[in-house]
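Listed after this line are the structures, all set down as structure tokens.
Each of the next two complexes has chain A plus one other chain: chain B in the first, chain C in the second.
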Partner chain A sequence: MNTALPGPELFAAAADHGIALLCEFDGRVRHIVRDELALADRVPPGASIITLADPGSAEKARQFLASVQSQHAAFDWEITVPLHGALVPLHWAGGATSDGLLIVAARTRNGLTRLNEELSRINNEQTNTVRAITKDLALAAACAAERDDALYDEVSRVNNELSNLQRELVRKNGELERLNTQKNQLLGMAAHDLRNPLGVISTYAEFLAEEAGDVLNEEQREFVANIRESSEFLLKMINDLLDISAIESGKLRLDLAPVSLAALLQRNIALNRVLAEKKHIHIELRLDADLSALLLDAGKIQQVLNNFLSNACKFSHPGTTVTVRLYQAGDDAVISVRDQGQGIPAAELDRLFTPFQKTSVRSTAGEQSTGLGLAIARKIVAGHGGRVSVESEVGHGSTFSFTLPLSSHAI
Partner chain B sequence: MKTSAQLVADKLLAQREAIVGAVVTRMFQAHPELELRWGQAGREKCRQDCGYHLSYLAEAISAENVALFTDYVAWVKVMLAQRGIGEADLAAHFTRLRSVLQERLAPEEFEVAGRFLTAALAAMPTMPADLPVVIGTHAPLSALAHQYLSALMRGERHLASQLILDVVERETPVKAIYLHVFQPALYEIGRLWQTNRISVAQEHYCTAATQLIMSQLYGRIFSHERNGRTLVATCVAGDLHEIGARMVTDFFEMEGWNTFYIGANAPTPSVVATVLDRRADVLAISATITYHVPAVEELIAAVRRSPAGASVKILVGGYPFNLAPDLWQKIGADGSAPDAQGAIALATSLVTAGASPS
Partner chain C sequence: MQSETQPPSTVLPPTRILVVDDNAAALKGCVRLLRQAGYEVAQAEDGRAALALVRTFRPALVLLDVVLPDISGREVLRQIKADPQWAGISVVLFSSIAISPEAMSAGLKVGADGYIARPIPNHELLARVRAVLR
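Our next item is the complex of A and B:
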């Protein structure tokens, strides 16, 4: 049996099907001239042509109708129409005749032109109007096609530029990655080579102070003390540099074990208290949460605490109190360190945790800082899945906090 | 000092409007039905096409290379044949152009220009009206090239991208993808457009998608060991066809050169500045359209006048230079190569010779 399946050329023709309607001047349908899209049911005589459009495109359809009414012709408006269960953008054209409007819509611009040409061959009262419109349409179609070609070219130019930019970005990014790796290697190497001789200087200065203390006069003892302090500060700075370069080259290794935060805080504060007392600063501990053990790198978390506490003492005046609190906020354990120190100007808070950034605030007893401690602290906390934060008010003090997710409960 | 051929070419370009006007007027006089059929828009299109023919003719005359023009006519023949305009119409058009030139040029000038038109007219019957498929079935990676192209033709760029990334993941070298997938696919897209089988929109889409997919491979291209040599590459202003030049630049990068591709819209002073700033060993200039060759010549002259001019070697490449193998010499370049591998070999030998004169 010879089935009546449409061949490819029929499908191709369907791709530019359209509809042609004669309407009153106000846009009400008078008569459907051609209906290749099976839309006739949707626009019975007397219905507005606008009802053909998808409700979302009704306003555009109204504008189109107004354009046909006022200009006597409109060409190639894309207006969406519900068609066989989908929303399809149709190309619309229209023209005014002596007794009404002729509206044509088709799936493609070519379909529009074809439909007009076909209409112009039909011998009826609209022939002359259709002919006139067709000529305008052909010119408009050529202009539109040319405009589209020019736009395609322009889009290609934009795309070329974006491609060039992308190429340059990837190239530069590769270069930066190489440089960053080199920087980290260099930093690690330099720090290693500096640390050993510094350790020797520091140790021998200590020997000298202890063993030859009696022989030296006051001024000489001060010299030795300066050598010790400076070399220890340098050592601390190199350790921080090593830490930060190790962390930045992705080598933050956490030695996780179940730890009771409360016990860790108690131990740490006992040690820090000794140093704080020298400056007549009191450290108070408030445990406001009863938490079970968390999986932590105890040494690294102590490093963070040491940093927060030594900062609090550095920037506080004698006779004040530093309060350390442990509490729970949502799914996090929070450790905060509040001082009654000088506070930090709001404008400087943002860059506090960036390496080598120091604030305009001076330490109260001339203590030095490397400018790396908070950056390291942030990385360590982030490595545990937590966040660091700071609140501060000039003249009243600062509160540095960090969170640790309770989900890292030791099982 | 300009050659007599160059003077003829200059005259054609200077009188371009008048020549084109005369040809189109005669055409519409001979065929009044065209006016009815195509109207003002058709006349405009004719003027545009005739203007292109004249530009190509002038450049071929200036380069004294007949192949530059006949090859263009062969391209036009295929393009128009697929759009319903036959060889007879095209021949009539060039005959009309020849008689307009005969009237407007001095006899010795017409002798030069007429020779090019006569050669093209004589070759026209043997020029093919259609073009063979570009992607061979036995070429390496040809199956992939076919899959890639058909994915793009369906508008499925994500699939096309995945096809490429999958084979690269399985250690197919990026160079092979460039040579055996992107290049033939792009040539095939050009052929499909020329023979009216795809639209302008499809052509632009396929090129744009290929550029995007290439950029997904950049991570691999820019991780090669450096050899200490630097290439700056550019296209002449206005040339849309940048993708080939960028591919050649990427090949240099994969050979260890440090490359800077500055595209088609860098003004001459900024090209010169880039060559200086980057201390380029080689400047590569690409042109795909024959009548862009004078722009290449001007750019070369500007670079030669600059402080970078003494040390940088200048390579030119692209379609017109492949057709006319000695064209590079005429415009003051140091050499030309038909493909990326040839360009790298030539650039390396020029730089090596320049570094140790013996």
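Our next item is the complex of A and C:
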């Protein structure tokens, strides 16, 4: 280039320079209103304003022209123009008047606005019209920009809110875990602190029962028996509470080993028979399936059996029979405990396996229930992949059953 | 029951048992039960007193509560088992906390000769003591 480079001042002044042209409806230049960019030579009257654009931007320039023609106005199109030997993006605006088109272009959007305002000083109906239109368009563009800003703000706000919520959730979760640990520690301590005095009560009640037998009268011996029974019940309650809280905090530990269900039932029933005979209830065992050993936690399954059997005896009258059956149904081993007791109203059957939901039916000899046994049984059976169920008819008795999948065959 | 207890042999001195428990009433009950069964019994309410009595009383069996006010029952157990001169002493841990399999194996690893979950009926406690001493 042989011309001296323009100084910084010139660049500053040129920053909002522009050009304004009056054109025919087809885009041919009729008259150049202003030309601060020295582009007039490139668009002699009769030339299309599209020729102003760089060939690479000619298509966009055509679209701009079409937009002015069809919409009667267009504002702030960026179209590149060769300017002083460089390709410079210019901001374009245009509007249709009653007898032609007014097109303005400037290096910046501000320049466009300034040019527009200057044109308005020319007392010319066409430019006024264009000015009015382009002002509306500028306003609309500003509004759109504002809307975008508002939308952006809203999205940011929602985003912030979400991350705050996320942090809050993490915090709450940590707090819950801490509370759960505390609860378990508390339960452990409570169990310890309750069992100790309980142990003392039963030890001394036992001393009394065994050593003062002949000194105490019958009523007083009953007092001692009540002390012993109540402390035994309290101990069972503590154990059940610890069980259910351990199970509910996901700590059901199954110690699986190959077990013959038939042998387990025989052993368990022999023990329960002794207790049942005290109430003159007979326990009958029917082994209707010859099953191979299953992988089970024998202790836990015995706990379920003990619960079903003690319930059956609690709600049975003397002289009746409790029948325990082992049979196969499809892919399951089924163990059922049927009593000839009082039965349970249908409305209560659903909630029997929920903690602390006791039946309204009274036990036949005033035996107590912790209200947790069936809930524990259900969790233990579920832990083995089986189900518990109950059928009952008031006045005829109840059948409690649980299944164990035969797929848990010992290898 | 009196008839169930086997009085230790009249020729040999009675078997010595040390009971360690910080609950005075439980301690007294246990000591009474064991004395009635014919054992010679000493008692301690904390870990330090227990270790002192292991030295002077020379028990054959220590019934040791896991929870003690000064040093834990497990630590008392560890110290007894660490000393070769006390190799013949059996130690059974008492626990009122429901014993998890982990806790039990941890205790047995340190060398406990047994675990008793309390509360336990009197006759069962005597049966367990006899079993360990056999």
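Just so it is clear, the second predicted complex is superposed on the first by the 222 of 411 C-alpha atoms of A that agree within 3 Å, B and C clash if a C-alpha of one lies under 4 Å from a C-alpha of the other, contacts with A are read in each partner's own complex, and residues count from 1 in each chain.
Here is the rule we go by: a contact is a pair of C-beta atoms (placed from the backbone, for glycine too) under 8 Å apart; a residue touches a chain by one contact, two chains touch by 3 or more.
Nothing here was measured: the structure is a model prediction, and the numbers come from that model.
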item	value
Chain B versus chain C as contact partner of A:L242, first or second or both or neither	second
Touched partner set for A:T203, first chain B, second chain C, both or neither	second
First, second, both or neither for A:A74, with chain B first and chain C second	neither
Touched partner set for A:N159, first chain B, second chain C, both or neither	first
Partner chain(s) touched by A:A191 [first = chain B, second = chain C, both, neither]	second
Where chain A meets both chain C and chain B, residue numbers	none
Chain A-facing residues of chain C, complex	1-2, 23, 25-26, 29-30, 32-33, 67, 96-98, 101, 118-122
Of chain A, residues touching chain C in the complex	188, 191-192, 195-200, 202-204, 206-207, 210, 231, 235, 239, 242, 253, 255
Parts of chain A lying in touch with chain B, wherever the complex brings them together	135, 138-139, 142-143, 148-149, 152-153, 155-157, 159-161, 163-164, 166-168, 170-171, 174
Residue ranges of chain B in contact with chain A within the complex	38-42, 44-45, 200-201, 204, 207-208, 211-212, 214-215, 218-219, 221-223, 240, 242-243, 246, 253, 259-265
